[in-house]
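Take a look at the structures below.
Look at the two complexes coming up: subunit A is in both, with subunit B in one and subunit C in the other.
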Partner chain A sequence: MESVRRITRVLEVESSGAIVPIDLSLPTDAKECFGLQAIVVGLFPGVDSVDDFGEFSVSFNGKANHPVHQLVPYESAQSRQVSTTRIGLLPLSTKLTSGGRITGFYRDLERQTEPFKSYQVRISFNLITE
Partner chain B sequence: MLLSSRGVADCYMDFFTVPLLGAEFTTPANRGWLFLVSDSLPQGLEIISETHALKVGASQPSSLQEFTGQLLVKLPEGATLDRLDFIRIIPTTSNEK
Partner chain C sequence: MKSHKYQLIRVNVPEPGASVRFTGETDQSFDRLAGIFVAMPEVVKEMGASLGLKIGGQEVFDDDHDVRLITCGREVSPNDKFFQFPEHIEAGGSSIEGRLVDAANTQEGYPYEARIILHLVSES
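== the complex of A and B ==
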């Protein structure tokens, strides 16, 4: 029986301009990834909302499929309070092979002012499993 | 194995050299895979591509470094590296149906 599952992985970004590798596996019963979302977790008082806080790239099935390479935005607390929309889910339709690795990277684009404050990036995969 | 597992039946292969003429250098976009063969990389060197990004630390990378598409190369201050060499592979036919 098919079901829908959301898997989240957290990346730690500890320096300005850091490159954080992504290397993970998804549950073996995952058949398809139909959505992906990357969100910066943290508040940076000196930073306005920006579309290019970081960039991330993700390949599926041992680098056989590379559907995503995009910017990761940051929404300031002030914007978040008045905003009526939330950072959306990127729709995908990527078939997954059992045991295939997910690889890629996240890169900080140095949008914070000094001193640098460590933060997390939460990457969520929406999966169809059976 | 590396290529067949990605559905590549045949490919074009050559050496690809990136001359480093400044602190930052961007290559033209292409659809090939680039496997880094240069060694003695300076600490702080960054090579960023569409699928993989490398920042050289205190030690040299221990595994095969594979990049795809367009590259952005950032040289650290004071580095004397003048070129980067890659093996470039461009798929010509695939097994995918």
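== the complex of A and C ==
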């Protein structure tokens, strides 16, 4: 019977302009990724909401499929206070081969003012499993 | 005809960075979990908080699941605030096990109460 799993992987970003490699494995019973989202974790008081806080690129099945090269936004607390939206998923329909790795990178786009504050990026994979 | 219930779970967060486990049980009269919404007292408390959740032993969110994926902007109308599950999650009297981790963005505003609202439905 099919079911849904939501798997989060966390990246650590330690310096301005850093390129953080992504090299992950997903559960072997995952057969399709139907959506994902990347979210910046942290508060940066000197930064307004921006669409291009970082960018990430993700390939599935050992680079056989490359469905995502996308910007990662930052939404400030002030913007969220008056927001009329929710964070949804980037829809995908990528079939997964068992044991196939997920590779790619996250790159910080230097939107923080000095001093740089280390932060995390959470990538949530929404999977159909058997 | 569908019937609906919105079941509230209160989670007390005592201090910055706290990791709080909570348990409970879904209302037996309803078949499935259709949606969820998490209400935090301040927006800054959402920024980086995470929520893990199991219903009936089935993992719904892993422990690093970002709370912002199941909250929304403050100006969203109450009926649109819920994250809707595309899958069937059995809920009739199922156990609830969860863990809320505070993001420790500020030192103020503690203790506070996070509220998790489950949208339960019954098809019969």
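We take it that the second predicted complex is superposed on the first by the 130 of 130 C-alpha atoms of A that agree within 3 Å, B and C clash if a C-alpha of one lies under 4 Å from a C-alpha of the other, contacts with A are read in each partner's own complex, and residues count from 1 in each chain.
We adopt the following convention: a residue touches a chain if its C-beta (ideal position, glycine included) is under 8 Å from a C-beta of that chain, and two chains touch if they have at least 3 such contacts.
Bear in mind that the values here come from a model prediction, so they are computed numbers and not experimental data.
Novice: For the combined arrangement obtained by superposing on subunit A, do subunit B and subunit C clash, or do they fit?
Specialist: Here the two partners, once superposed via subunit A, fit next to each other without clashing.
Novice: Does subunit B (first) or subunit C (second) touch A:His69, or do both, or does neither?
Specialist: Only subunit B; A:His69 stays clear of subunit C.
Novice: Using the superposed model, determine the angle subunit B, subunit A, subunit C defined by their C-alpha centres, to the nearest 10 degrees.
Specialist: 170
Novice: Looking at A:Val4 after the superposition, I want to know if it touches subunit B, subunit C, both of them or none. Which is it: first, second, both, neither?
Specialist: In the superposition, A:Val4 touches subunit C alone.
Novice: Could you figure out whether subunit B or subunit C reaches more residues of subunit A?
Specialist: C
Novice: Let me test your reading of the model: by the given contact rule, A:Ala77 touches which partner, first (subunit B), second (subunit C), both or neither?
Specialist: The second partner, subunit C, only.
Novice: Going by the contact rule set out at the top, does A:Gln112 touch subunit B (first), subunit C (second), both, or neither?
Specialist: Neither partner.
Novice: One more residue to check, A:Thr94. First (subunit B), second (subunit C), both or neither?
Specialist: So A:Thr94 meets neither subunit B nor subunit C here.
Novice: Thinking of the overlay built on chain A, is A:Gly104 touched by subunit B (first), by subunit C (second), by both, or by neither?
Specialist: first
Novice: Looking at the overlay, does A:Ser57 come into contact with subunit B only (first), subunit C only (second), both, or neither?
Specialist: Touch status of A:Ser57: first partner only.
Novice: For the superposed model, what is the least distance in angstrom between any CA atom of subunit B and any CA atom of subunit C?
Specialist: Comparing every C-alpha of subunit B with every C-alpha of subunit C, the smallest gap is 25 Å.
Novice: List the residues on subunit C that touch subunit A in their complex, please.
Specialist: Residues 43-44, 46-48, 50, 58-66, 68-69, 71-76, 81, 83, 85-87, 103, 105 of subunit C touch subunit A in their complex.
Novice: Provide the residue numbers of subunit B that touch subunit A in the complex, in ascending order.
Specialist: 5-7, 46, 48, 50-55, 66, 68
Novice: Inside the complex, what are the residues of subunit A that reach subunit B?
Specialist: Subunit A reaches subunit B through residues 17-19, 21, 57, 59, 62-64, 66, 69, 103-105, 107.
Novice: Which positions of subunit A touch subunit C when the two form their complex?
Specialist: 3-10, 37, 39, 41-43, 77, 80-87, 120, 122, 124
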